[in-house]
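The letters A, B, C and D name the chains in turn, as written, and every chain counts its residues from 1.
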Amino acid sequence: MSTLTSAHSLWTLAADTPADRIPAPTIEYAQLAPTLIVVGAAVVGILVEAFVPRRSRYYVQVFLALAALASAFAAVVGLAAGGYGSSKAHIAAMGAIAVDGPALFLQGTILLASVVAVFTFAERRLDPAAHGNRVDSFAAQAASVPGSDSEKAAVKAGFTTTEVFPLALFAIAGMLIFPAANDLLTLFVALEVFSLPLYLLCAVARRQRLMSQEAAVKYFLLGAFSSAFLLFGIALLYGYAGSVSYAVIADVVDGTITKIDPALAGTMGNDALLLMGGALILTGLLFKVGAVPFHMWTPDVYQGAPTPVTGFMAAATKVAAFGALLRLLYVVLPGLRWDWRPVMWAVAIVTMLAGAVIAVTQTDVKRLLAYSSVAHAGFILAGVIATSAEGVQSVLFYLLAYSFVTIGAFAVVTLVRDAGGEATHLSKWAGLGRRSPLTAAVFAVFLLAFAGIPLTSGFTGKFAVFSAAAEGGAGALVVIGVLSSAIAAFFYIRVIVLMFFSEPKADGPTVAVPSPLTMTTIAVGVAVTLVLGLAPQYFLDLAGQASTFVR
Amino acid sequence: MENLIALLIAAPLLGAVVLLCGGRRLDKTGHWLGTLLAAVSFGIGVVLFADMLGRGADDRTLTQNLYTWIPVEGFQADMAFQLDQLSMTFVLLISGVGTLIHVYSIGYMEHDERRRRFFGYLNLFVAAMLLLVLADNYLLLYFGWEGVGLASYLLIGFWQHKPSAATAAKKAFLVNRVGDMGLSIAIMLMFTTFGTFAFGPVFGAVGEASEGKLTAIGLMLLLAACGKSAQVPLQSWLGDAMEGPTPVSALIHAATMVTAGVYLIVRSAAVFNGAPDAQLVVTVVGAVTLLFGAIVGCAKDDIKKALAGSTMSQIGYMILAAGLGPIGYVFAIMHLVTHGFFKAGLFLGAGSVMHGMNDEVDMRKYGGLRKYMPVTFVTFGLGYLAIIGFPGLSGFFSKDMIIEAAFAKGGTEGWILGGVTLLGAGITAFYMTRVMLLTFFGEKRWQPTASDSGSAAGSGHEPHPHESPKSMTVPMVILAFGSVFAGAFFEIGERFLKWLEPVTGYSHGNPPVSAMTVTAATMVMLLVGVGIAWAMYGKRPVPVVAPRGSFLTRAARRDLYQDDFNHVVLVRGGEHLTRSLVYVDHSLVDGVVNGTAASVGGLSGRLRKLQNGYARSYAVSMFGGTAILIAATLLMRAV
Amino acid sequence: MNFPLLTVTAAVPAVGAILTAAVPAARRTAAKWLALFFSLATLALAVLVAVRFEPGGDRYQLTESRAWIPDFGVRYELGVDGIGVVLIGLTALLIPFVIAAGWHDADPLETSSKRWRPTQGFFALILMVEAMVIISFEATDVFLFYIFFEAMLIPMYFLIGGFGDRAHLGSDENAAAQRSYAAVKFLLYNLVGGLIMLAAVIGLYVVAGNFSLQEITAARAAGTLDMATNTERLLFLGFFFAFAVKAPLWPLHTWLPNAMGESTAPVAVLITAVVDKVGTFAMLRFCLGLFPDASKWATPVILVLALISIVYGALVAVGQRDIKRLVAYASISHFGFIILGIFAMTSQGQSGATLYMVNHGLSTAALMLVAGFLISRRGSRLIADYGGVQKVAPVLAGTFLIGGLATLSLPGLAPFVSEFLVLVGTFARYPVVGIVATVGIVLAALYTLVLYQRTMTGPVKEEVRTMPDLRLREVLVVAPLIALLIGLGVYPKVLTDIVNPAVEHTMSDVKQTDPKPEVAVEAKNGEEAK
Amino acid sequence: MNPVNYLYLAALLFTIGATGVLIRKNAIVLFMCVELMLNACNLAFVAFSRMHGNLDGQIIAFFTMVVAAAEVVVGLAIIVSLFRTRHSASVDDASLMKL
């Protein structure tokens, strides 16, 4: 910001000043390492697509992606260990990006989730081999028309869409920035950076490509629509505060800003700008977290997208979006607490209830999980509303718990297959527990975690969020949350009944035996679910230490 | 010495356990074992009795405290026994008559393949009954009280393959349960009033308690007594109870268990003395039952049911006497004992008759049996004379005493009660004579086809009456002796009065009329009763098929419609109630829950429709949502 | 800290569950014996607990305390008072019988696939339930208790829904549907109760800041922790609702008949004799301990509901056509008595209620298991399908009768003691309630005897003519239960001695003293008053 | 001229764009409407930048254009592939997934 004003003063002066007077921005590369590593890897990935022979691309890409994510996570850990999460937390890159507890915690979560998600991306054992080539769940050639000769040729030639890995890396990079963004511009750019690749990833399913493309279109149009709202909101806030930097806006909102020029004085008075701007930005973020009434894309997109992508999206997107939401509400708009809290109350309540209620009558596993994710968004919002350190802590913890359960659940969904690919219709899951008890048991664990049954991470998270909300004085919200989780329990249990208590169908689906990749994903999911359920203290501490924003 | 008390109960209890758990291998010897153990108990009783006589009138009470049964803060129930003259009387009666009936049953149940279990139940009964009379606190008494109820249930329903028997057993237990409710409430009242329910402390503190409380306790005890002793309004089970084997009817439903109510009231003398209103109710119940039973007894053609009616009526005498207070307690017990002898004798006689007649019970199908079974005839006859109060026999003394006592109550009550008892004596004479005539006199009326009202043994061929085996006749003879001499024995020198007086207390009261006149009146009633009976059944032949009879007769045959009342009001009503409740449970209580679930489902189905698959409608919802969001935020600021 | 006996007691069955589940499909019998062994080991440990426990000592003994989730103020705190000891004993005692009785209930059908190992699952789940029940009897930390109170629903749910009664009405699909309906109903009822309790637990956390039962109780007593009246009442209701569903109290009872009707007899015993006791136990320990004033405030309503349960349950039981549903409604009636005793708030009432929990466990186990044997023979649960069994299977009939007599609480059998104590305790404070409750003893006789008469007596039905009498295994299951019923009926002292001190503590929690009798009597035993 | 008028214009354009998204069928047109909304935002940015007299708004506008360009690439790719599959660019035809 300072640079810009100075630049502006230059600009208004005579043009004879030498350009070298513009000070080069100082970038703390070390502290931005996680993001930079991922972006770099993504770029390299593009080059790999260009130069590495097709045969070996898959391996290179997988290795590259995993290495990048691992090292990025290492960097995050290093930063956290270096105290950037707590004592040395500050704002880097000329005020564009915050390096603080929440940012690092969420980035760590996103990276871990992405690692296991990439495992499912790389799974090549589930689909039967086509012409002797092992295939993953992505289209041989996304560009070719489904059922066309070119597609057949591509399949015959054993093409695979290895581009998904760089795309995923780009998306991850955007997600890493999103919760750390410290001015609205960065927020917007990050949003687009992680949205656009996701749109594409939705479109490249190998099976049921029509649905996949439809999902992509819907996601894209609605996403663009929402980001337009977000952008307009940014514009209004900028108009209100004369800056897009969180810190400045916050000061203006509080009225604690020091130097007030007449223009600012003029716009500052106009609360409409502030409120409408805030509301519009909230719209954009609530769209990403899938809160009612901005949730309607979730079921369709979750169903249409390739299941690994769905899992990745459901987990990582939520983490990133909620991170951004937290920062916006806790850093930029705390001064407006009394304005947005009631509204968010309403949103949270509607989200919890609608998500739970509509899920009751779903007949497709992926749509069911989509609606359950909506309901969970409502629960997390309850924690967001607490506006307290406990609130932040609980939300961070919940996101950690939730993302692994989600990825695990969708990974299990990829295993249950019949002739037409994944058998996602619930009726096909009947008697799964009889046919392959282990798979069913694992899925049951995830469902119980979703339902918030004690001894699973779901319960700990729910307790954390609700107790934070209750301490924040939102008792009624807790009661409603409890009721809606009762409704939610009903449909999770319906699936369990279906799997264990109903007789298997003769033409029922088979459970594919996955490679170690997916197995790891599921195993990690189960492990995290149980650990966070039985001994959550360490992670609660982590989240607790990470629960203060830098401003 | 007092350590023997527990053995009184232990012996038959052991018998019950061994016989019931012993399994088939005891089928051969079981009945001997059972009889032996009952006899052992009687022997111990005699020993204790001798010891008791050896001691002075005031230190004759023995107590034995085994252990604390239920120790809870403020609530102490001991497993403790108390043997005083009153208990002693019962111990001898129960174990004595009990033993005799064991012996009798050996013969009577010879052909029943479940005889072993029968003896097990009998022993169980004896043990429970002894516990009842030996307990030193009401809770333990309650233990015995329900114990005899169980034994009675098992024995009435002994022939369980007969639905009628099973039903009768269930009925008996349920009606008794109603009485038990009274007993338990009485105990609770004592606990809240005195903080204890052991005889000694309670009776000691009666003085300090309010009369209201005492009356309440008294009435509850009376309710219990009504249940167990088949007094109006809880008398309905006794008639049906005759479904049980005859020895059972003799032991449980004539001699011992049914008299437990009398014991309870006499035992609680202290309480009742403090509650005159309760006493009045007792006398009324007694008087009503006295007539009720007698009338029913007049109309029944089933010999056992007739005797059952008479039992009811005789116990009515005792209850009435007990209700009179100190004037009557002693005579209530005395009549109880004598009645124990002659009524048991009568039932055994009836049993012997049925034994000879293929278990035919309809007296109209008897007739002229005195030639075929002389021993039964004589013993039954003596019992008959005793019960109608033929001068010199035991019934004469005991009943006479009660009638006198009733008059001695004084005032109009005295006159009314006295009148009732006199009338009762007359009716007793009538129906007993009727039984006698129908059974043993006249000419034979039995047909080749015996009805199937008997047990499985009831087969279709011509019955050929015969005298019963020794094992059956001997007890009858002994009981006949008892019924002849007991009364006189007790009465000479007022032995019985002196014996019990320390326990129950005695006051002579003020008879408005002299004992002689009362006796004279009784005799008159007696002759009238016998005369009418002779006129109706002795002179002219008795129709095998019962005539329709007068309204009163028909009413009496149906137990004065009391059962029908129960059936309509309680049974039917209960059925309707349960049915409707089942319905409520299913459709209302459950319906609400299922309804909620269903409505959630319906709501879900409707909301689902919003997801119509059109991207643009999603956009609309987003747009609308945003609009609302903005509006809301602005509104928040506005207000 | 010395040897963590309580943890071990709860851990042994859990370990057993895991091992049993791990037994390969072919070695079914091995799994059964393994499960039985572990349940017996648990019983031994439970006995050890009872031995180590000094009735006169501290309120909570054998305590353990470790940090668990400081952020939520949650500690891993265990400790038992007399009530806990007795109930742990009951649980550990009944499970072996449940296992032995269910020996063949989970043998796989020929049709089912090789990978499907129902037997291992069945016994593993039973042991898992045992572990969770035991630890919830031990927990003195509200959160810890809640965790297992909720978690035990899951294994129970699979036991009900996964292993139905082979003797079902109608077709297989129909039965499967009925079964999963019952299971779902069970789970949803209890889950809703639990979630509402969760709200209350969170509320308690907000108010008190930690979950330690002892600390909170002490603070309440000392007055350092005062709740607003309404807060306390709301929290109480939240807790009580969950326990009332579990107990179950009218009108939250309708899940029990379905659950007991559809599940196998041993599982039905597990539900009503073991798991449901957690509800009543928790009322005694948590509702009264944490919210004494609110408990007193709510007493009138609760007493009325309990009365309704007693009478209503009994009457509906009379109207049942299905043996197991009848027993279920009988249990509802009995739970009414237990709750009555708890909230009468007299030492007799509460001792009675505690004994009642044990005795009802034993009596229902006896009755239900014999009923199970009966049903497995004839393959029908309908009362109307039986008749005259007593003729062909006297031992079965006899044991059935004794179980029934225990259910109608005949003196000399254990339930009488507890029922009478409850009645006396209630009567002492609320005479009218006490009198109405005594109606229950008549109705109990009614449904028991009607059941016995219709099934066991009368002419022998054709279908039961060939019915075999109890086998040795079955006798071995029933005989000890009956022995216990009689033993505790004539000598309940063994239990009361352990229970009484705990009850005194509870009474002091709620600051209640027994009503004094009108007339003080100096105990002069024996001699009569003239 | 008062920069506020530009804001009004921006608001108007944004609304038009939004309305277009809601009422038009063709995916391309829809997409154009979105672009219109983004441009409205740009206009607003520039106008505010003028009012506050600092450069941020204008710089943001450039960013927005870049982002919009990227969006076009992705968007057209998706829409085209959809069109080639279904031979129609109507978003209402793409409604396989519902309820």
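Methods note: a contact is a pair of C-beta atoms (placed from the backbone, for glycine too) under 8 Å apart; a residue touches a chain by one contact, two chains touch by 3 or more.
Remember, it's a predicted structure, so these values are computed and weren't measured experimentally.
When the partners of chain A are compared with those of chain D, the chains appearing in both lists are B.
Interface comparison, B-C versus A-C: the higher number of contacting C-beta pairs is recorded for B-C. Averaged C-alpha coordinates put the centre of chain C at 66 Å from the centre of chain D.
Measuring from the averaged C-alpha position of chain B to that of chain C gives a distance of 36 Å. Chain A and chain C, compared by their mean Cα positions, are separated by 46 Å.
Remark: chain B and chain D have CA centroids separated by 97 Å (rounded to whole angstrom).
Chain contacts: chain B has residues 597, 608, 611, 613, 615, 619 touching two or more partner chains. Shown for chain C are the residues that touch two or more other chains, namely 188.
Residue positions of chain D with contacts to 2 or more other chains are 18, 21, 30, 91, 94-98.
Pairwise, the chains that touch each other are A-B, A-C, A-D, B-C, B-D. Listed in rising order, the residues of chain B touching chain C in the complex are 20, 61, 63, 65, 67-75, 78-80, 82, 84, 136, 139, 142-143, 145-147, 150, 153, 157, 160-161, 163, 165-167, 170, 173-174, 177-178, 180-181, 184-185, 187-189, 191-196, 198-206, 208-210, 213, 270, 503, 505, 574, 577-579, 581-582, 585, 589-590, 593, 597.
Within the complex formed with chain D, the chain A residues making contact are 1, 4-5, 7-8, 11-12, 142-143, 145-146, 185, 188-189, 192, 196, 199-200, 203, 209-211, 213-218, 220-221, 224-225, 228, 231-232, 234-236, 238-239, 242-244, 261, 263-264, 266-267, 299-300, 303-304, 367.
Touching chain B in their complex are the following residues of chain A: 217-218, 221-222, 225-226, 229, 271-272, 275-276, 278-280, 282-283, 287, 292-294, 296-297, 299-300, 338-340, 342-343, 346-347, 354, 357-362, 487, 490. Chain B meets chain D in the complex at residues 608-609, 611-616, 619-620, 623.
Touching chain B in their complex are the following residues of chain C: 188-189, 250-251, 253-254, 312, 315-316, 318-320, 347-348, 351-352, 388, 390-391, 398, 405, 410-412, 416-417, 420-421, 423-424, 427-428, 431, 434-435, 438-439, 441-442, 445-446, 449-450, 453, 456-460, 490-493, 496-497, 500, 503-504, 514-530.
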